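Mind having a look at this structure? Questions to follow.
Should a chain be cited, it is by its letter among A, B and C, assigned in written order, with residues numbered from 1 in that chain.
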Amino acid sequence: MAPPTARHSGEPTAPTKIVARDVSVFYGEKQALHEVSLDIPDKTVTALIGPSGCGKSTFLRTMNRMNDTIPGCRVAGRIEIDDEDVNARSVDPVLLRARVGMVFQKPNPFPKTIYENVAYGPRIHGLADGKAELDGIVEASLKRAGLWDEVADRLHAPGTGLSGGQQQRLVIARAIAVEPEVILMDEPCSALDPIATARIEELIDELRERYCIVIVTHSMAQAARVSQRTAFFHLGRLIEVGDTEDLFTNPRERRTLDYITGRFG
Amino acid sequence: MTEAAIPSGRTADADAVRADRLRSGLRRRYARERRFKLYGLLAIGVAVGFLVLLLGRIFDQGHTAFYAHSIETPVYMDPARIDRAYPQGTNFELLVAEQQLARMGVQDDAQGARAAAMRGLFSSELKFLAAERIQAEPELIGQTVRIAAPLADDADLYFKGEITLDTPAAQRRLSDEQIGWLDRMRAEGMVSSHFNSALFTRGDSTEPELAGVLGAVIGSALMLLVTALIALPLGVGAALYLEEFAPKGRLTNLIEVNINNLAAVPSIIYGLLGLALFINWMHLPRASPLVGGLVLALMALPTIIIATRSSLKAVPPSIREAALAMGASKTQTVFHHTLPLAMPGVMTGAIISMAHALGETAPLLLIGMVSFVPGIPHGLTEPTGALPSLIYIWENASERAFHERTAAAIMVLLAFMIVMNAAAVLLRRRFERRW
Amino acid sequence: MNQHTVKAYGDELDQLTAEVARMGGLAEAQVAEAIESVARRDIALGRAVVERDAKLDALHREIEKRAIRLIALRQPVATDLRRTLGAMKLATDLERTGDLAKNIAKRGLVLAEGEPMQPLTRSIERMGKLVSMRLRDVLDAYAAGEVDQALTVWNTDDEVDEHYNSLFRELLTYMMGDPRTIGACTHLLFMAKNLERIGDHATNIAETIHYEITGEEFAGERPRWNPDAAEDTPEPPTAD
């Protein structure tokens, strides 16, 4: 019996940025992701939801090839960003990760100064000529992440001295300092209190005007608040993807309905 | 309706029983805790007791080595006995002894035994000092010059109370007569006591009063330098490669097991290896800091590798992931992030393994550092002593005065190690604060 | 359908629906008894209907409270959200229906003091029975979750209009014939209007049921009785 195909509904209005076709991921013998095909539009927030272990984080990590760092992990299928296969031999993962930034669940600023955190990316990729330009990039990134006002007077204080919410905004500033095209977020708010979460969500809303954002979240309410497109994963398969509004008022798949209304298990 | 039959209800009786159980259990738990704390205190007490005992004994034995007695004698540069052309050929020892006897109004016997006895109270240094003086200023011939020189080791021990009249004369190293002379000289104010700088400024010597640790200290320092220069880069580099870059597999596991085992190999085996490899096969100079450093480097290498690896392992993977996700290459991640964060552990491991190597004696004995080496080493290829082997040599020496000096040398070695360990702690704390 | 993982949530939804069903039954009874009190000139029955309307209002407030609580505390989505909203809308429609029934009964009390007007009250009775039946059908459809049944009711909205228009002409004729009946006929006219609006509410309920079950907005024009285009009006499937 052929595996059921996922339900795709609604037409995204923005051009497609990332195309995934039949993506499968294997950890040794175990298959974590089964032939996932998904289109992710640009300048939009796409949320990946699903119960624990459904493969949404695994799928997220295929887009910046972070799965390469896990020994024994194999990726099959095509993932194209702007029509370029990210797994092609000619693509250097280091350069790919300058185009695709990532924000993790637990804020992980480097144990350096705030300035150094944001400047690290531009520095190693050689994006700034001279200190003045680097200063400009740092300031612009911190402003865009909504952190500038709070840290402008202490740029050389350690980044780890900030609060959780501030650290996460610092990490976002660090990610956008290299001017990526895509920002991947893996449960960015799960370690934060509600007020910090709200600020990050507001930030995501602002950021989507410039970047393609894919966010993994286990809070459906957050997915509903923050995203325009939502994809539901279950047991390593994509079950349904559609406009967020439609998926949360009238999902087409029974499993999606059960999950979002809390009828699972 | 029995109490037992109700699953979710709690009756007052059941509650009371439960409270009783909790209380009595609590007493037992607290008693166990108190006993455990007592055992801990006892263990610490025993350990501290032994430490105090050890250090106390060493200090007790060695503190007298830090001061020494000198004597200032007027020396009449008798022109009849000093050859103007070759003043250093003069037998100054006999000259001074005879003059001293004369000053004290003591008649020498036919064999000159008394002069010999008097001569025995002065250090051989005296003749060198006198010779130097007369060479430098030949016009002093015919005049009386006051020269200060250390007392011989036995005389020094007498004044320190180590040699007393209580022991029968036959077993004493100083005769009653000599003791009498010493008392007189002291009464005349010729004897002074001062800090024994010779201990720290001179190399090894057969004369205890002229023996010092400087040669051995510099020898040890040179060896440590060689060890550090070889073991640190190799060890840290190997650990970095094994931890970060090597593919995980059977070969890597095999290497890891072997390195762990090497850390437990007795140090004398390394000495044998050094003898066979560096001295017999590569014909490197025996007992040189070069060979000593190489052998100690081999010894320190496994420890450094293990300490570095565990520090690297302790760096949280979130930092590595963050760096990789920024587009840092593997090498950049390791050198910009992982290694700096692992630095406290790496430094501690390095310094502790250095401190350990500093105190190793067995390998040094096998590569030849067991012989007497006077003077201060100037290079890596000259034969030298090292502190541990110096201690070994002094302990086996026959002169009584070396006992206190052995203990003093041990104190110097301990001080060295305390300083190195303190440096390790300070450095670690300083780096840890930043992260 | 699976149970909610949090049982209390599922229970709250079920209770809400049960309240709506109860309110529906009460509204249905109010309409039926109001019509009966007019037809039989039963003053006691009429008064009972008037008094019982307060109960309907209380139920409406209760259902609103429950729905608001559900939304605030459970943040329902998809089917649960539509069910909650549907319950609120139904409650509003039923409360209005109850008010209209009360109004009919009140006017009936006034009519009962005057001369009986048999043919007219019989017309009212016929219209009332149709409206009552449609209301019952749509509430059954809600309880059973039957979209088709609701759609049937939705399609027969024009029948009610037909009755209303013919009653309108009848009353006009009566009033023009005997001016002494204008007072009573006006009451009857209002009653007819009320019944027509009860019919509209039944149609509203049908639309709500459709949205709740299918999740799609109703995209149709309500059938209107058009005397000039008799062929165009859709044939209602047989109701009874």
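As a convention for this text, a residue touches a chain if its C-beta (ideal position, glycine included) is under 8 Å from a C-beta of that chain, and two chains touch if they have at least 3 such contacts.
Treat the numbers as computed from the prediction; the structure is a model and nothing was measured.
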| item | value |
| --- | --- |
| Busiest interface, counted in C-beta pairs | A-B |
| Chain ID, smallest distance between chain and overall C-alpha centroids | A |
| Interchain centroid distance [CA atoms averaged], subunit A/subunit C, Å | 52 |
| Approximate Å spacing (C-alpha centroids) for the pair subunit A, subunit B | 59 |
| Averaged-CA centre spacing for the pair subunit C and subunit B, given as whole angstrom | 104 |
| Residues of subunit A that touch subunit C when the two form their complex | 220-221, 224, 248-251, 257-258, 260-265 |
| For the subunit B and subunit A complex, residues of the former touching the latter | 248, 316, 318-319, 321-329, 332, 336-337, 341, 434-435 |
| Contact set on subunit C toward subunit A in their complex | 1-6, 9, 75-82, 215-216 |
| Contacting residues of subunit A [partner subunit B, same complex] | 64, 66, 69, 71, 94-98, 101-102, 104, 106, 108-111, 120-121, 124-125, 158, 160, 171, 174-175, 178 |
